[in-house]
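Have a look at these structures, which come just after this line.
Shared between the two complexes below is chain A, which has chain B as its partner in the first and chain C in the second.
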Partner chain A sequence: MSQALQAFQRETGTFLDGYRTEEGILRMHGTKKSKHQTKQAILIRIKKDAAKISRYRRLSNEVLSRKEAHKYDDESFKLTTQLLDWNPEFYTIWNYRRDILTNFKFLAVSDSEEKHHLLVKELQYILLKLKSFPKCYWIWNHRKWCLKQDCRADFSVEMHFIGQFFEVDPRNYHAWGYRQFIVQCMKDSMGLEGERPKIDYQEFKFTTKMINKNISNYSAFHNRSNLVGKLFDQSPNCTDINETDVNLQRYLSAFSGKSKKQVLELELNMFQNAIYTDPDDSSVWIYARWLFGDYFLDDLTFNEGVTLINKANKIIEELAELEKEDNRGIDNQWCLKTQLYLLKQLYKLYKAEDDSGVNYPEDDAREFDKMRNRLLELDLMRAQRYKNLSLDN
Partner chain B sequence: MSLLIDKHVDYIKNLFRNPVYLEHWMAEHLKMNALYWGIGALFLMHHEDEFKKEDVVSFIMNCYDANCGGFGSAPRHDAHLLSTLSALQVLKLYDSLDALDKDKREKTIQFIVSLQLDDGSFEGDRFGEVDTRFVYTAIQSLAILETLEPKVVEPAVDFILQCQNFDGSFGIMPGAESHAAQAFTCIATLAICNALDRLPNKETLEWWLSDRQVANGGLNGRPEKLPDVCYSWWVLSCLGILQKLNYVDGEKLVQFIMNSQSDTGGISDRPGNECDVYHTYFGLAGLSLLGKYGLASIDPIYALPTAITKTIKKYPYK
Partner chain C sequence: MASTVESRRASMADRRPSMAERQSTGIGIGIGSRRPSVIPYLAGIEKPVLPSIPSKCDVLICGTGLVESILAAALAWQGSCVLHVDANPYYGDTCATLTIEQIKAWCSSVNDSLSGFQGFSKAMLHIPFPHRLVSRDYGIDLTPRVLFTKSDLLSLLITSRVYRYLEFQSLSNFHTFEKDTFGKIMSTKEEIFTDQSMTLSNKRMLMKFMKFVLEYEQPENKQELEQHMQEPFTQFVSDKFHLTPQQINELCYTLGMVPQPDISTLQGLSRIRRYLVSFNIYGNFPTLYSKYGGPGEISQGFCRSAAVAGATYKLESTLQSFDADTKTATFTDGSKVKVTEKVVFSPSQAAQGSRNVPERRYQITRLITIVEKSCKEWFAEGESAAIVVFPPKSLSSNNVYPVQSIIMGSGTGSCPKNQCIWYLSTIEQGERGRRDLEAASKKMEESILRESEAGGFDVNLTDSDVAIHANGSISVINSVKLGKSFKEFVPKEKLTYLLKLMFTQHTSVAPFGVVSNGVFEKAEETDHPGKGPDENVLYSSMPSTEISYDGVVTEARLLYSKIVGSDDDFFDVDFEDEDENDNVLANESAIADDSDEFQPEMAFEL
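Right after this comes the complex of A and B.
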């Protein structure tokens, strides 16, 4: 805050009459620092804002008074629109708007078709607001609420709408959460249990599409991990789903046959492509930790587990060498971290076979120590976690 | 570089003076939270007496909704769990919980408990939004009021555990992507409920948390995102609760926070940006957890000074 403004406030201010966001209560993240303001510039702005403030406060008071009087009518609804156009973060006004819908607007419709039209109009308004404020919790929540009120809701329109948001920001946390909500609505609206795995499969396909588009989409990897679990649990029937892509057909048959080994093999191909596309992007590396975690390994035989871990290790090893050449002898840390983890998981497999772990290859034990020591030198910020790490713990 | 305590104190005091810009009037929905961040920051800087306790308590009680028992973010604004926790935290800071008489207190408890859903989650108000933030705000509110009960705690813990993901961390609800701020609400809830021993995949979680530190020393909230001072709290508090503070480089983080300090007071989300009270508080909170600059020590579970939280009776009650 400028010193001129501070001085101005010391002259005029009293505690708790208001609060200021010019210095910010919670500003949009990443707001660049504005230039130093002179006292004159501040006074001009204050003068300019005065008229707006008086209009804003008059409108706020009017709407809050109507709310307190439980006034539910068209005029009040219109006023909430006006106020939310000023300030979509004013959650109390969204609440009042819902109460007007419930206690007035919905009572005036003659059937579900009319109610649907009413809510479609509301969704159009919400879309407008979300385009300007794509990270405002209250607006997203209002959209969910509207969808729940409409037994004729068109979920395909919602899926299209989410797609538009992903075009702008494929990691929008709210948009992913909203997609999860719509998928659940779609499942709930289906009569047949057997239809549900189809939706999960379509969602799995969607994560594949998003990852292929941009390997750095961790949100897509996250969703993929959930969907893989669901598809194993439900084992969808292949003949119900018309899949033309050969690679996806393989996934589908692995899910339907509940073969974690096959899925892991297929995911290993995806993993290989991803790490070669951008070896420094953490998304797929974190995902790999799950691929070679207990969820998959517990279902594999000892030999299958050992083979797949060694295969993964070899893939990483090859990349690690290329990376080292490209980066003047400096190791890629994600390669090292993941190899370290794989060697530890391998030890766990040997230990499960024979409690002493005596058959664990000595070469692997040596590699583990070597990599751990290398990371201790390279990844200084996280040195302590490598100190805490051993094959045994 | 030194911590500009006097400037930060002035900065916070000025936040609550006469509003003059339109923006000031448009942020009333955050006023109660801002009060917690601002006063919390003053307490961390040992400037507890900058505001008159009676003024603050009277403002808070003006936000009490006598119909439902919750607190709104400003007078006439609807009650919500988020503003209710902030109100109780500030009352606790000023040792003024008795501003709520027996009836009001009972109503507040009712307000909170009635928002718990069958699966153990909480909605923020009667309109159905579910978020792990609301479990935390509800549970900490009840903890401050020392009225936690197994019938509320156990389903809440079950719900939180369902929110753990493949990477060991937590999202806004079951199935939602991990996010460091949500991780804090979940792990701290488990800590308040004395249920940390039920947390699986600790090592994976600890690695995910420590991988939030990026090359410039700052912490991000999700993989491949930019660092932000507020995660100095959300990530660091989790590591603090798990007793793994040394899984990130504290000195580098201190540098990042200090580079985000404005020479006219306040801390921003990252170096060179505009300050706000939210980042000022969580920047200071991070520095406090790292034991820097003689700041009052902060409790990673409650996000309140430890001098205050040690007076809260801990669950399960004997």
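Right after this comes the complex of A and C.
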């Protein structure tokens, strides 16, 4: 472990301490107190709150007036800390804080080494805030700003840090966005072009790991779809990367061979595994939309496309039957919706092949209508949508 | 308070002073500094031998087992004056954590049927290399248990703050022994998804089953359930979910930790649900255990809590008799105590000649072995304990009942490095029980030797080790952690046993039973018109067969309501909130919520 990383860990302590999850709250405060509050208790509360509110107002007025006066000094900095501890969503104060850093703190230091130390301290403060408010845009922004300011930023530490966030909550899309930001920074700071696909591949591997942990993860799938695109644009070299996992090896060779068809087939396997494991999980079905969207289909020949779509359709149909049996005759709506989508894509293929789409199999057209009507019965809330649905639009 | 907890931790972590020494000094630390206005009478805790005991108390409790200790603390916090005594020189009574020397003494006392050791019988102890064991390096549980993260005891530990006196570690690995191999059931979505050997439809059904278990009380599922209520659980699962017999065994006996075969559908579902809902409360594991010893440590924690609340403790005090007319209790050393309310006995400490001890119809056969191997191959990463279950008919002895085993490595603090304690138990009785336990122990020995053999597991893969998928691709089935078939395996080394203890424990609680009022009713009605030394005494139960802590709090509450009238104010204490000083933010945040009404909205999940 790098020295910076060790130092980081020493200073921030155990990551999970105080992380604000519902369980964490329970751990801190034990079980919830009785909800019965007498009128007396409520009045006492209101009084306490009133005192707090006036304190807060005083503080924020003070800070805002300093901001207006363009006051940049230590005292103001401390006051912003106080106010932000209280209310981290007050983004104006974050702006002010950045102004103080730029116009006062950074000017006070002579070289980049000291600036780095200042920013490291600032990052520690941000980490503390993030533990309490892991979904606050402004805190994440501030962190990004700090990193951009620091020419000696250590991205491996940041990756480790964001990794810990994922341990606690793998679905936090802020964390995913931040990870992409770091990856971009790492790429920018690298000289060689050849290294970039390696990073993208590692990221792809990471999304695989996250999805394996829990398929119910929109951000992981979304990230994955982005990475697939990047990996086809700038493909990694098979020989450069030492991949031990058999399954991932196939992906790697597909990427370096720039074979979208191969990747689609592999993803189809994963898709099948996922829908059988949990047929109600929306993340997987929505990912399927992208899988069978234009990105891949445009690259395939007519026959390849038709074969793959039919294959996918068959997989879903088998599952749909099982689902219907087990649910006393009620179809799984995701199956229906996705099959409709596939049939539409199929129609598109036929239309592209010969302009009128007249060769589109009649069976499929009938299936389409049948399924659409079934959805109309099951999902009344979206009835209008289904009414407007046809192969054409 | 923080500093006193620190010093307590230090002395606990430093576990090398003998148990008795530690117990007598440990609990007394820092009490005065916490509540200077009420200095509790800490006799018996600071100094085990006292010239005299108080002459009067509200409730007298004999035996510092887990249920009794929880009861003592609950009563003490409620305001009762509690005198809590134990015939032994250590805390914990029937669930104590003992050193080797203490175990030796315990064995002879059990075999002599001395007072204080009733409820146990036929203790057989074998120590092949006595010079190799340093007595106080070990903490052996008489009745080891694991704590589910979603359980009443855990909630009680939090509300009572007794968790602060303890250290808990996670336990994730539950292994099942079937067809000569050990396996680990896929029970989480992740495991099912990534598993390469299950068919797709099997995966689907298993997931469906898991979902059903969590939701079987919903109205739409209740109807379904009513039809199958009377069926045996195994039949229900096989018919409705088409799971393999191996999977059903694993679900029932390992996840559910059911101690006997032929359980009803409802019982099976509730047990498995207990396991599933305990996931993801504190992390990706369902159970915890207390470091340095299970129920023994926890009962000490509650004793400490009771002492803080004003209870008096005295060890090495044997009750001779209780006179219901004068309401006076007499001890063997001659001293007398007037009890204004009730006397509670643990059956193990029942006075000589007692007539009302609840009948103990059920037995648990136990085998404890200390082996000279770390057994880390069985543990999940970062953990030091595991559970292994041998379902019915899986052993060479053709066991009728499952054998349950808790494995505690040195990381649990109960044995030195590179050693391990195996706790095996079964509700099979007598010689058959002992045979089952020996057979299970043998299998475990073979397995650990195999797993830890230099070179690891079998590299020769056969057709059955490889899965060929429909699309022609090949993948190796994930090698099962505890190794594959033993049939061709001949170990190069033998496993060294440092201690082997076999004994029988008797209890009045049926294997599936939760303690009910019935048990106490019997104790109160005297069949014999004459007065015995235990007239009008309430008896607690001996520890049940249950490997989890289920039932303990229920029993404590029952006893509590028998004494106080109802259990409404059981541990209804408002501790001064010292947390306020720790986290200023919790009180001073504009967004975050001080009030509990807001907390649920602030909880995760967009």
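Criterion: the second predicted complex is superposed on the first by the 314 of 393 C-alpha atoms of A that agree within 3 Å, B and C clash if a C-alpha of one lies under 4 Å from a C-alpha of the other, contacts with A are read in each partner's own complex, and residues count from 1 in each chain.
In this text, a contact is a pair of C-beta atoms (placed from the backbone, for glycine too) under 8 Å apart; a residue touches a chain by one contact, two chains touch by 3 or more.
Source: prediction; values computed, not measured.
**Student:** For A:246, decide between first (touching chain B), second (touching chain C), both and neither.
**Tutor:** second
**Student:** With both complexes superposed on chain A, which partner does A:223 reach: first (chain B), second (chain C), both or neither?
**Tutor:** After superposition on chain A, A:223 lies in contact with chain B alone.
**Student:** Is A:56 in contact with chain B, with chain C, with both, or with neither (first, second, both, neither)?
**Tutor:** Both partners.
**Student:** Figure out whether A:214 sits in contact with chain B (first) or chain C (second), or with both, or with neither.
**Tutor:** Only chain C; A:214 stays clear of chain B.
**Student:** Given the touch rule stated above, what does A:322 touch, chain B (first), chain C (second), both, or neither?
**Tutor:** second
**Student:** May I ask you to decide whether A:45 touches chain B, chain C, both, or neither, giving the answer as first, second, both or neither?
**Tutor:** Both chain B and chain C are touched by A:45.
**Student:** Would you check which partner chain A:89 touches, where first means chain B only, second means chain C only, and both and neither mean what they say?
**Tutor:** Both chain B and chain C are touched by A:89.
**Student:** Between chain B and chain C, which one contacts more residues of chain A in the superposed model?
**Tutor:** The partner making contact with more of chain A's residues is B.
**Student:** Touching A:272 in the superposition: chain B (first), chain C (second), both, neither?
**Tutor:** So A:272 only meets chain C here.
**Student:** Which parts of chain A are touched by chain B and by chain C alike?
**Tutor:** 18, 21-23, 25-27, 29-33, 45, 52, 56, 86-87, 89, 173, 216.
**Student:** So in the complex, the part of chain B that touches chain A is made up of which residues?
**Tutor:** Of all residues in chain B, those touching chain A are 10-11, 13-31, 33-35, 37, 51-52, 55-56, 59, 72-73, 76-78, 80, 125, 127-129, 131, 165-167, 172-173, 175-179, 204, 206-208, 210-211, 213, 217, 222-226, 228, 244, 246-249, 252, 262, 264-266, 268-270, 272-278.
**Student:** Considering the complex alone, what residue numbers of chain C touch chain A?
**Tutor:** Residues in contact with chain A: 155, 158-159, 161, 189-190, 192-194, 200-201, 203-204, 207-208, 281-282, 471, 475, 579, 583, 585-586, 588-592, 595-597, 599-600, 603-604, 606.
**Student:** In their complex, what parts of chain A are in touch with chain C?
**Tutor:** Interface residues on chain A, with respect to chain C: 18, 21-23, 25-33, 35, 45, 52, 56, 85-89, 132-133, 135, 169, 173, 212-216, 246-247, 269, 272-274, 276-279, 319, 322, 326.
**Student:** Please output the residues of chain A touching chain B within their complex, sorted ascending.
**Tutor:** 1-3, 6, 8-10, 12-27, 29-34, 45-46, 49, 52-53, 56-57, 60, 64, 68, 86-87, 89-92, 95, 98, 137, 141, 144-145, 148, 171, 173, 176-177, 180, 216, 218-219, 222-223, 225-226, 281-283, 286-287, 289-290, 293, 295, 380-382, 384-385
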